[in-house]
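Both complexes below contain chain A, partnered by chain B and then by chain C.
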Partner chain A sequence: MLSVQTWSPFRPSAFAGLVHYEELLFHDEVFWTSLWNTVVFMASSPIAIALALGLALLVDTRIRGRGIYRAIIFLSYPLMTVAVGVIWRWLYDEKVGLINYVLLSLGVTRRPIAFLDSYEWAMPSVVVAAVWQIVGFFMVILLAGLQNIPPNLQEAAALDGASAWQRFRSITLPLLRPAIFLCLVIGIINSFTSFDLIYVMTGGGPNHATEVLITYIYRSAFVLSKFDYAAALTVVLFVFLLALTWLANRATGGEAGAVDAAE
Partner chain B sequence: MSAQRVSMRRRSTSLTLALLALGLLTGSVTAQEKRLSLLTWNIPVYKEKIDGWIADFNKVHPDVTVEWFDKKGPEWGPFYQTQVVAGTAPDIIDTQGAIWLEYAANGGLVDLTPYLERDRAVKEHYNPTFLRTWVYEGKTYMVPFYVSKTLLFYNKTMMREAGVTRPPQTFDELLEAARKMTKGEKSGFVTLNFDWLYWPLLAMNGVELLTPDLKKAAFNTPAAVKTVEALARATADGTINKVAWTGRWVEPNNAFAGGTVGFYQAHSPAFFYVRGGGPWINAETLGAAPMPGGFATPNSHGLGISKSSKHPELAWEFIKLATSDKWAYTFGKTLKVFTGTRVDSRLLEELQNEDPLAASVMKTQLEHLDRLVATWPLGKDAQVKEAFYSEFQAAVLGRKPAAVALAEAERKVNRLLAR
Partner chain C sequence: MRRSRAAVVHGALVVVSAAMLVPFYWVLKTSLTGENIFQYPPALLPRAIHPFYYVDVWYGIPFVRYLTNSVIVSAIAVASNLVCNALAAYALTLRFRGQRAVILVLLSCMLIPFQATIIPAYLITKELHLLNSHLGLALPLCSTIVCIFVFKASFDAVPRSLIDAARIDGLPEWRIIRHVMLPLSTSAVATTVILSFVWSWNSFLWPLIVVRDPQRQTLPLGLSTFLSYMENTTGALYAFCIMVLVPGMMLFLLEQRRFIEGLTSGATKG
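Our next item is the complex of A and B:
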C-alpha cells in the first residue's frame, strides 16, 4: 500500500498512484545499477554450488580425517555475517591486508590494490567473501544428497563399464537435483537479502558499484527518508524474487519437491 | 434515626476517602505522565555529565522524569524515524549536520523562534553565526550544542621534504603543493566527503550549488567543470588519495594519521581521532590553517524539540539548562569542542595553556565565520546531496568526463527541486 502513496514519518499518507514506479523505472539510474548488481551477486550462487559440489565429492571419499575437513569447510557458515565482512575488509585492506601482501610479495602487482574502493574490484571482492561464507553450507546439503544415492546404482554402473565421469553425469547429478535446487533457491534468496555483508564491506559503494536492491531499499528509507519509494523498491524485489524462484523450479524439472515426495 | 445517621456518616466518609484516593491516584498519574526524553548522537562517554543535567533539572522540576537515549551515527536516523512513526519521538533531539532540515521542512520540529524571542538573554548566549545555520524559512529550529567546521591540517614534515614553505592560499597552490608531496606511497591531499564537507574546494573556485532563490541548480559552469577536471587529474595521478572520494570517516582519518598524506581537509573532531592514531603528531609536525579563501563547511550539532512533544516548555527549559554557561563549559572542557556559546572564548584561552596544539586547531573554528559554505536551507538536502555527489564522485574518480557528470547532476538536482 505504501508504494502507491506519498508518506513520511512526519506527514499523513496520500494516494500517489504509480508515481514511485515511474520514478524507479524511468528516472532512477541507481535502481537499475542496484538491480544489475543484484543479478551479478546472484550469479555467484552457481559458482558457490559448483565449488561446494567439488568439495562435497572430495569429503565424500574415504580419506583419512574427512570429518575434520568437513568441519573446517563448514566453519565459515555459522560465523556472523558482520564478522565475515570485517574479516574480509581486513584481508582486502590496501595497507595491511594479507591479500595485497601476498600479491606484492609474489610480484603479481607492483602497487597495492584498493579492492573495496575501486569500481572494478569492489563487486568481485564482495562476491568472493559471500561465496566463502556460503560454500560450507551448500557442501553439507550436497553431501547429504550424495549420501542418499544408493551405492548399488554406482556399483552396477561401474560393473557395466561406465567411467567415473559417466557415472557422475548420469547417476550422481540427476539424483542430486533436489539438493542442487535447494542450494539454488537458498543462494538466490541469500543474494537478495545480503544486506549485512555489503553494508559492512562497502556500504554499497564506491559510487553504487556494490549497491544491491536490498541496500538501496535501506538507503532510500533511512538515509534519504523516502519510505514510500523504498516500499516500491521492495515490491519490485518481491516480484523479482518470485519470478526467479519459479524459473529455478522450472530449470530443475519443474517438480523438484515432488521428487522428494515420491522417494 | 441515629442508626441512619451513622450509616450516612459512614457512607459520606467512604465517599470522601474514595474521592481522596482517586485524587491522589490521579495526582500521581499526572506526575508520572510528566516525562521528557532526550536523544543524543554518539556521546555515551558523556553519561556522567548528562546525569548531572538531569539532576540539575530535577532540582527545579522534581515532578519530571527525564529519560536519556544515545545512538551511534548510522543508527540515529533509523531510531528517530521509527520512534516518530510509533508516536514516541524523543522530546529533545541532538542532530548532526543538515539532518534537522528535513524534519523541520516536514513540520517535525518545534519552531524555537518564539522561545528565543521571549528569552532574549538566552538567545544572546548563543553565537549568532552558528545560530543562523539552523534557520529554515525564517524560523529557528535548533540551538547550538557543539559546533565544528572544516579546516586544513598539514603534515609539516612532508611539506619540508617537498620544499613547500606555507599552507596553500589558493586552489591551484593547494594542488601544486599536494603534487610536490606525492611520491610512492605518499599522497598530497585527502578530504572528508560526507555532509558537503568537500564543498570548500568548489566554493573557493566561485562555484555555487543553487541559484539564490534555491529553486535551480547553478553549479554547471565552466569554472566548475575546470575545478572537477583538476580534481579528477589529481586523483588519477595519486596527488589526491582516492579515499577522499570513497571513504567516509575512518578511512581518510587513518590515511592522514598514517603520516603519508600532506594536506587533510576535515573538521576539528578529526584532529582528536588522528592524534590518537598518529604517533608522529606534535606541534613540530602538524599544522592547522583555514582552507584557501577561509571557506569552511560547518558540521555542528544542535538541540531541538520534536513537534510531538507533550511538554515543549519543559523541553525548552531542559535545552536552556544543557546549553547554559555551566554545562556548555563542562561539555567543551570534557570533550574539547566548542559549544557555539559565549563560553567558547574561555575554553580557547584555557586550551592554549593546556594543549597548545589542540588550541591551534580549535582556534580555526572561531575564525572566518563569514565564510561558512554549504549551509543551504533545503528540505531535501539529503536527496540533493546524493544526486550531486554520485555524479561528482564519478567524475573525480575518472568514470565520467566532468562536463557530462555536472550536466547529469544538474538534471537530477533540478528534477528534485521541481518536485
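Our next item is the complex of A and C:
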C-alpha cells in the first residue's frame, strides 16, 4: 500500500501511483547494484551446499568421533551473527589480521589486502563468512537425508557391481533431492535476509559493493527516512523471492518444502 | 585398505574442523592477551594471559544492562511462544469449518521472511507506542508459525481416546491442553523453547530499528554500537564478543542433540 503513496512522518499520505517504482527502475543505480549483489550472494549457496554434501558424506561414514566432528562443524550456525561478523572482521584485518598474515607468509601476496575495504574483495570476503556460518546447518539437513536412504539399496547396487561413483550418482543423489531442494530454498531466503552479517562487516560499502536489497531497504527507511520508497523496494524483494521459490519448486518437481509441512 | 580410508576421512574432517574453530581460537586469544594487536608477526600460542579486557567490558560499558535486556526480551518471547503456539496448535487439531483455509493461509505466511515485513511492523509498533520497550522488542517474535506446526504434529499424535476420556471426566479444554497434551509433547516444547530463544537472542535488525534509547539496547545491539565507536584493535571488543557468544555456546554444547534436532525441524517445517 505504502509503496504507491507519498508518505513522510510529517505529512498526511497521498496517492502517488507508480512513481516510486519508476524511480527505482529507471533512475536508481544503487537499486540495480543491490539487486545484482543479492543475486551474487545467492549464487554462493550452491557452493555451500556442495561443500556441505561432501562433509555429510564424510561424517556419514562409520568412524570414531563423528558426533564430535558434527558438533564442531554445526557450532557456528546457532551463534549470534553480529558476533560472527566481528570475528571475521578481525580475521580480515588489513594490518594484523590472521588471513593476511597467512597469505603473506605463504608468499601468495606481497602486500596485505584490505579485504573489507576494497571494491573487488569485499563481496567474496562476506560470502566466505556467510558460507562458514551456514555450512554446518546444510550438512545436518543433508545428513538426515542420507540416513533416510535404506542401506540395502546401496548393498544391492554394490552386489550388482556398481562403483562407488555410480552408486552416488544413481542412488544417493536422486534420493537426496528433497533435502538438497530444502537447502536451496533456505539459501535463497537467506540471501534476501542476511542483514546482520553485512551490516556489521561492511555496512553495505565500500561504495555499495556489498549493498544487498535488505541493507538498502534498511538504509532507505531508517537512515534516509524514505519509508514509501523502502516499501516499494520491499515489494520488489518479495515478488522476487516468491518467483524464485516457485521456480525452484518447479525445477525439483514440487516434492519438498512447504508441501511437506502440509501433510 | 579400510584403515587407510578411515585415515583419509579423519584427515579431511580434522582439517575442516580446524577451519571452523580457528576463528574462535583467534578471537579468544586476542581477548585474553591483546598481543597480536601490538605485535607483528602474531604469535600462534597465547602468552601472558590476563583478564583485563573482560573486567574492562564488565565495568566499562553497560554490559549488565545489555544482558538484562536480552534476557527479559528472550524470556517474553519464549513464554509467549509456548502459550500462543500451543493454543493455536490445539485449535487446529479440532475440526471446524474453514480449517483447511486457515492452515493454508498459515503455510503461505510462513514463506514470508520477517525482513520483508519490517516497515509495516515498525509502523504498527509505533502506533502501539511500543518503540523503546521490552514488549515492543519481543512483539514480532511472540508467535512463530513454524512452532505452531511443530506443536500440531505432536498433538496429532496424541490418541483421540485419551482426549475423549478427559472430556468425559469433565476437564475444560485448557486443562486438557495443560495436563494431557503438553506432558505428552515434551520434544515439541523443547523445540519451541530452543527456536524462540535462539531467534530472540540473536535478533539484530529489529532491535536496531525499534530501539533508540541506549537503556533498552540488547546484547547484539550493544556489540554493534561498541564496534561503531571503537577501533578494530581494541582488545575489549573481542572480550565482549566472547562474552556474548559464551551463553549460546554453553547451551548448544549441553543440549547438543536437542539443539540440532530442534533447529533442523524448524527448517524442515519452514
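Definition applied: the second predicted complex is superposed on the first by the 256 of 263 C-alpha atoms of A that agree within 3 Å, B and C clash if a C-alpha of one lies under 4 Å from a C-alpha of the other, contacts with A are read in each partner's own complex, and residues count from 1 in each chain.
Please note the rule applied: a residue touches a chain if its C-beta (ideal position, glycine included) is under 8 Å from a C-beta of that chain, and two chains touch if they have at least 3 such contacts.
None of the values given here were measured: they were computed from a predicted structure.
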After the superposition on A, what does A:171 contact: first (chain B), second (chain C), both or neither? neither
Regarding the shared-chain residue A:103, is it in contact with chain B (first), chain C (second), both, or neither? neither
Contact-wise, after the overlay, does A:223 reach chain B, chain C, both or neither (first, second, both, neither)? first
Given the superposition on chain A, which partner contacts more residues in chain A: chain B or chain C? C
Which partner chains sit in contact with A:206 here, chain B, chain C, both or neither? Use first/second/both/neither. first
Once the structures are superposed on A, label A:39 by its partner contacts, choosing first (chain B), second (chain C), both or neither. neither
Between chain B (first) and chain C (second), which, if any, makes contact with A:119: first, second, both or neither? first
On chain A, what residues does chain B touch that chain C touches as well? 95, 222, 227
Quick one: in the complex, what on chain A touches chain B? 8-11, 27, 30, 95, 114, 117-119, 203, 205-208, 222-227
Can you name the residues of chain A that touch chain C in the complex? 2, 55, 58-59, 61, 63, 69-83, 86-91, 93, 95-96, 98, 101, 105, 132, 136-137, 140-141, 144, 182, 186, 189, 192-193, 195-196, 199-200, 214, 217-218, 221-222, 227, 230-231, 234, 237-238, 241-242, 245, 258, 260-262
Complex contact set, residues of chain B against chain A: 77-78, 81-82, 84-85, 102-103, 106-108, 242-243, 245-248, 251, 258, 307, 382-383, 386, 390, 393-394, 397, 399, 415
Touching chain A in the complex, chain C uses residues 6, 9-10, 12-13, 16-17, 19-24, 26-27, 30, 36-37, 40-42, 103-104, 107-108, 110-120, 122-123, 149, 198, 201-202, 204-205, 208-209, 219-220, 223-224, 227, 232-233, 237-238, 241, 244-245, 248-249, 252-253, 256, 259-260, 263-264, 267-270
